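Across the two complexes that follow, chain A remains constant while its partner is chain B and subsequently chain C.
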Partner chain A sequence: MINERMNPIFEVQKYEFVLLETNLYLDSHPDDQEALEYFRRMLALYKDAKEKYEAKCGPITPDSTGIGYERWEWVMTPWPWELEAN
Partner chain B sequence: MWMYEKKLQYPVKIKNSDPSAAKIIITQLGGPDGEMGAATRYLNQRYTMPDRRIIGMLTDIGTEELGHEEMIASIVYQLTRNLSEAQIKNSGFDTYFVDHTTGIYPQAASGVPFSAAALEVKGDVFADINEDLAAEQKARVTYDNILRLTDDPDVRDAIKFLREREIVHYQRFAEALGMAQDDFPDKKNFYAFNPSFDKCMKK
Partner chain C sequence: MDRRINRGYMRPAGLCGCGMPMNPAQKPYPEQCGPSLAMVYPVMQTWRNLYDPCKAIARGTLFAELDMPWVGCNGSGRGYAG
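Then we have the complex of A and B:
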């Protein structure tokens, strides 16, 4: 069982998954205003969760590696399949 | 995890169709030294690499190769638009057309479908990085050969860009090999092997 208190990345994964599911729904329903509004709301939560995670644990994407770190942190933190990252 | 960006890495805008060019260029999607093999090779070699910097390199180059698959597919798509029956029959494209119409299918110029047998994942940093160095050179030669066989400046422009990327990747992998030889437990690993990497093996 995944415990989100044990794993800070889970907050990011949660909102990313919500965005993905909404994205897939919108692909076949591009005019659904309610879903579009939901996507926007979740996107803000996702961005917030990603920013908090990256400030604490390191970059998730190369483009955020250039901001707020002293070195190219992209290759310093564990890769996702290492046990330390999970 | 991967996210898609809705754009090509470098523009592909080919005005004139040319099915015989398409038939040879498809080899850089699904041929023995094509982009699909490159992406698959690098992204799968990452897991057992003993250095996070080399993992970063394989991740970033492997990801770029996925973008190159899209560029090759775009070139082939644009070269096979609005074909006439005569063009299909006279260009030699008919042998591709009969099986795939103008769909994008990963195969070699010879018609052999994409095969993972053309790539290697050995689970050893020296074997794998040497494989990658050779792969970049082989892909570069294939692009050189495509340039020898095509005149259309629109096609050549995109192919030249892809060729240059092979050269850059070769340089980066050469650095990775240097890192692996210099930085690991027994310093200056001149003979390029290191049994201490096998510490995960239990007797």
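Then we have the complex of A and C:
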């Protein structure tokens, strides 16, 4: 069994998760400056982790498929759940 | 009389649970003796006691205050309590 912490996509997923949690909190607290600041900080970390993952393993969302590739890379690299290949 | 009516979760027919006779204009629910409707007033959450992202995704919540043990039915205390 693959340890999720060893899996490079886990870095992306954990930031994605806290962004969603903060998103839900902000829905009911739109003026909470601390939460907003946290969201921005996590968004930067998420983008960074996603960029690093995609540089190594290929795009994980179609919106980044067209950038920096000469072909439709979306279908050319292993899917994120093909853990052995990542 | 059905003995179950005195066990808290069953009520005598015609009573809404407050002890007053039921308003005849109020349409009873088919399961008259089952749980009643409720109005809920939760307090507003505040931004505090956050988990770090690693723990958050493992626990399924970013907020320590919302990380509550899952208790199965009947309040038996069994089930996942992480």
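Here, the second predicted complex is superposed on the first by the 75 of 86 C-alpha atoms of A that agree within 3 Å, B and C clash if a C-alpha of one lies under 4 Å from a C-alpha of the other, contacts with A are read in each partner's own complex, and residues count from 1 in each chain.
We take it that contacts are C-beta pairs under 8 Å (C-beta built on N, C-alpha and C of every residue); 3 or more make two chains touch, one makes a residue touch a chain.
Bear in mind that the values here come from a model prediction, so they are computed numbers and not experimental data.
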item	value
Partner chain in contact with A:A35 - chain B first, chain C second, else both or neither	second
Which superposed partner A:P62 touches (first chain B, second chain C, both, neither)	first
Which of chain B and chain C A:Y25 touches, first, second, both or neither	second
Contacts of A:V75 with chain B and chain C, given as first, second, both or neither	first
Residue contacts on chain A - larger count, chain B or chain C	C
On chain A, positions contacted by chain B and by chain C	none
Residues of chain A touching chain C in the complex	5, 10, 13-15, 17-18, 21-22, 25, 28-29, 32, 34-35, 38, 42, 45
Partner chain B, residues of chain A touching it in the complex	16, 62, 74-81
Interfacial residue positions of chain B with respect to chain A in the complex	1, 46-47, 52-53, 55-57, 59-60
In the complex with chain A, residue positions of chain C that touch it	44-45, 47, 50, 53-54, 56-57, 61-63
